[in-house]
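Paired with chain B in one complex and with chain C in the other, chain A is shared by the two complexes that follow.
For the complex of A and B:
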């Protein structure tokens, strides 16, 4: 499990977990789950397109994730947010289906993109993953205060003159970057699970925002590490463990929180 | 007319089945979709597609009928979302997200296991992307009665559902049981989405559920006309999409046709853009939802 060919898996998994923990916390706080689901699917279409024209999949992932994020951000100013997200999502998926139909990609490659292939991360991919990860966290840290402000009290933030649209689009761009990194490791479908389950659990358990971010990162790390180990041990796709653990953590947190309420009431 | 209808279009049984089944699914999706868009439940509507897909993958693995898997998975998912707290607007997003995340994990497991146990390739793509051209005529009766059941249910709960979608307080004051109405709607949504996910694929399921209703709600002034317009737009997009996909076989020398879902989505996006332009032309007062008809 800790042999040399697993080194890249543990390293990339850790980077992805740190990133998903931070970004996912704000996704949950802002109620942006649908966007966080749509963007990885857009990224998947980008990867399919990259195979078609023969460029690096990471380039396709990043560009299409950004395109989805901007599409959602721009359209949702004019119409309802969830409708804008749904339309962007189907448009991206339809493009992806078209790309897949004209290019000859082997089914295992598609499955790896959809469901994750932790062993598929090579040493040459590790450097861009690390750089993009640092950039994403750096951007988040840079506009941490307006982001937190618009997430917790949108009306108050607007009254204070914070440009909510700008913050929203900037946040979606960070989600897009984080997504592009996460997709090759845990897959397009399960990137979403990692960004929702652990952060939602942390938000229930921890009240103070700063500590909740830390808790979210912690739970996300545990989820990814256990999933890598279990995936190796049982020879099953890592996505299954990420999805199952995410939901279990959330439900467990709900049970703990309810007990706490009952205890404080008596 | 051969430039528009390529050879064999009128005599092709596959095409005829695709047009009939696609039309039925488009109408059902449009009716359910109007309420989905008005209630702001597009995310749940899309998530149920993926939950249904997990059910379908499970059925594929267990060797039971795929339609049962898709619809059963969708209904189970709707129940789980309701139990976690989909009825509160605040918690809806998270409840939908957690159920969706878990369902995707299961889908990954089922698809992996079925890929390992059977040598049949393409199961993943068939389940995820689907194709209207692979529909066998024998599914027509099943699709018909499921659609009928969904449409009858929608007709029965239309009034309380509409009222509770527009004003929760007013509906509660009128004695409408919000939780029950919401749950009935979610189950109808799950059946409609599960059925369309297997027949036309997960992409088109969401596209037909959200696209035509969103376009119709931009221009229509009454709920009744919005439903009719959405059904028309949905059927139009499906049929034009099928036609273009059929024709695309003859476009390139290599004879590789593009997927139906691609063309249908192109038409739907075009319809939505047109509806947005029309709305701006008429300069109506922007409202989140259309006015309910016939209430005092």
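For the complex of A and C:
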């Protein structure tokens, strides 16, 4: 499973894990899990549309993920956030279904888009994936503190002069980019499990914000590496392993945290 | 009726609120509000729920929409989110799982608005410890904020707002939902901080009695109108009746002040009315 044609899988998987670890940390912190579920479905519709008109799937993924992210950002200012997110989710899913029915995509391709494919990123796409990944992490590093501040206590941040709207929009754009890169590997339906599972576990185990981000990245890397290996060995979709591992990590962290409380109480 | 500043002292204040009006969707929330706050003074912003106290804070912070009038700091118009003003909002909810310790929240008060990734200087860590000590929060500095009690969180929030060395600290109902013991502790702590760090305090509350021993001045809000001055100048039947728009009495019992409304019966015969007292 370390043969040359698997190199892409390990490389793209590692980039995706690093990015999802950081982005997911803030997704969980901001309570934006639902948006992290909706945006991949937008990306899925974009990929389907790209196949339909014969352009690069990555282009479709990025543009539609951005479209759903900004759509959620715009509408959630006028209506309740969960309603805006749900509407964006169903609209994108419907669009994706329509694209799929009129285009002639093989069923395995659809399956790969929904549930992931370790060879989902081709050699020609590796460079754009790497560039987009670096840009996303760079943007996150640049507004790390205002992002942390608005995630922890938005009202305090606003009173201190942080432009919370700018931070919101910039963050949604980064979520969209991270999603577009993650969907081809992990699949549209299970991308958000990679963004939620490892960070949710890390924040229970570690109390310091910086170390919790690092822990989230670490658990995300382990999740993706184990999932790639297991997917290769058992010939099951990688999304299955990512989802199962994410939930297991979270439950494990809860058990560890509870033991810690019991021990410190006695 | 226009709002009145009953203070006879005309020296220039730290903060001047002049002719502030806030009207949202045709409803007047604040009408011609005027008052001033002086350096290092403890001012109580007193009014019942919904009187417009939070709105007034938002005006001072420059984040309230549909506001007119002027807010001056050192005689200059306020720019948005001035570093000289610290703010502790009414309700801050922290998830118990939030990976933020008390000291992390205090540090964010110093550099949370800054872009770019930099290592925090040693001086910042020292300032954080100093602020935590100033509010007696050193013992739980390394615990997650979400796991702290209401009174403990209040202390951490005060440290968070003090670390930028503000000249004015705004606290929105910091005593609400605290047990009586914590109320006394927080008041004593704020009084101490205001004296030692020369920071003026504007604290809102719906109950003025716990604040009477420490309050230098009072800003009383009712019906969107404001009266300000010392407690003796403001908490009088004539002033408060004008503010409320109907007659109220001020009773002083065992060092406590009670503002009670006189319920006027509907219809004629004002001479043999039975006054009913309602404690506000």
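We take it that the second predicted complex is superposed on the first by the 265 of 266 C-alpha atoms of A that agree within 3 Å, B and C clash if a C-alpha of one lies under 4 Å from a C-alpha of the other, contacts with A are read in each partner's own complex, and residues count from 1 in each chain.
By our rule, a contact is a pair of C-beta atoms (placed from the backbone, for glycine too) under 8 Å apart; a residue touches a chain by one contact, two chains touch by 3 or more.
Nothing here was measured: the structure is a model prediction, and the numbers come from that model.
With the C-alpha superposition on chain A as described, chain C and chain B fit side by side in the combined arrangement. Legend: residue contacts after superposition of the two complexes on their common chain; A:174 is shown touching neither chain B nor chain C. After overlaying the two complexes on the shared chain, residue contacts for A:197 are found with chain B alone; chain C is out of touch. Within the superposed three-chain model, A:242 lies in touch with chain B and out of touch with chain C [touch as defined at top].
Vertex at chain A: the C-alpha centres of chain B and chain C lie 80° apart in angle, rounded to steps of 10. Once chain A of one complex is fitted onto chain A of the other, the partner contacts of A:112 are absent, as it touches neither chain B nor chain C. In the superposition on chain A, A:65 makes contact with neither chain B nor chain C.
Of the two partner chains, neither chain B nor chain C is touched by A:23. With both structures placed on the common chain, the touch criterion links A:228 to neither chain B nor chain C. Looking at the shared chain after the overlay, A:156 reaches chain C, while chain B stays out of its contact range. By the touch criterion defined above, A:43 reaches neither chain B nor chain C.
In the superposition on chain A, the chain among chain B and chain C reaching more residues of chain A is B. Of all Cα pairs spanning chain B and chain C in the superposition, the closest are 6 Å apart. Per the touch definition, chain B reaches chain A in the complex via residues 37, 40-43, 45-47, 50, 90, 93-94, 96-109, 111-112, 115, 121-122, 124-125, 128-129, 202-204, 206-207, 210-211, 214, 218, 256-259, 261-262, 264-266, 268-269, 272, 276, 288.
Of all the residues in chain C, the ones that touch chain A in their complex are 61, 63, 80-81, 83, 87, 89, 92, 94, 97-101, 104-105, 108-109, 111-117, 142-144, 157, 160-161, 164. Residue ranges on chain A touching chain B, taken from their complex, read 28, 31-34, 36-37, 78-80, 82-83, 85-87, 89-91, 93-95, 97-98, 100-102, 107, 110-111, 114-116, 187, 189-190, 192-193, 196-197, 200, 236-237, 239-244, 246-247, 250-251. Across the interface of their complex, chain C is touched by residues 29, 141-146, 148-149, 152-153, 155-162, 202-204, 206-209, 211-212 of chain A.
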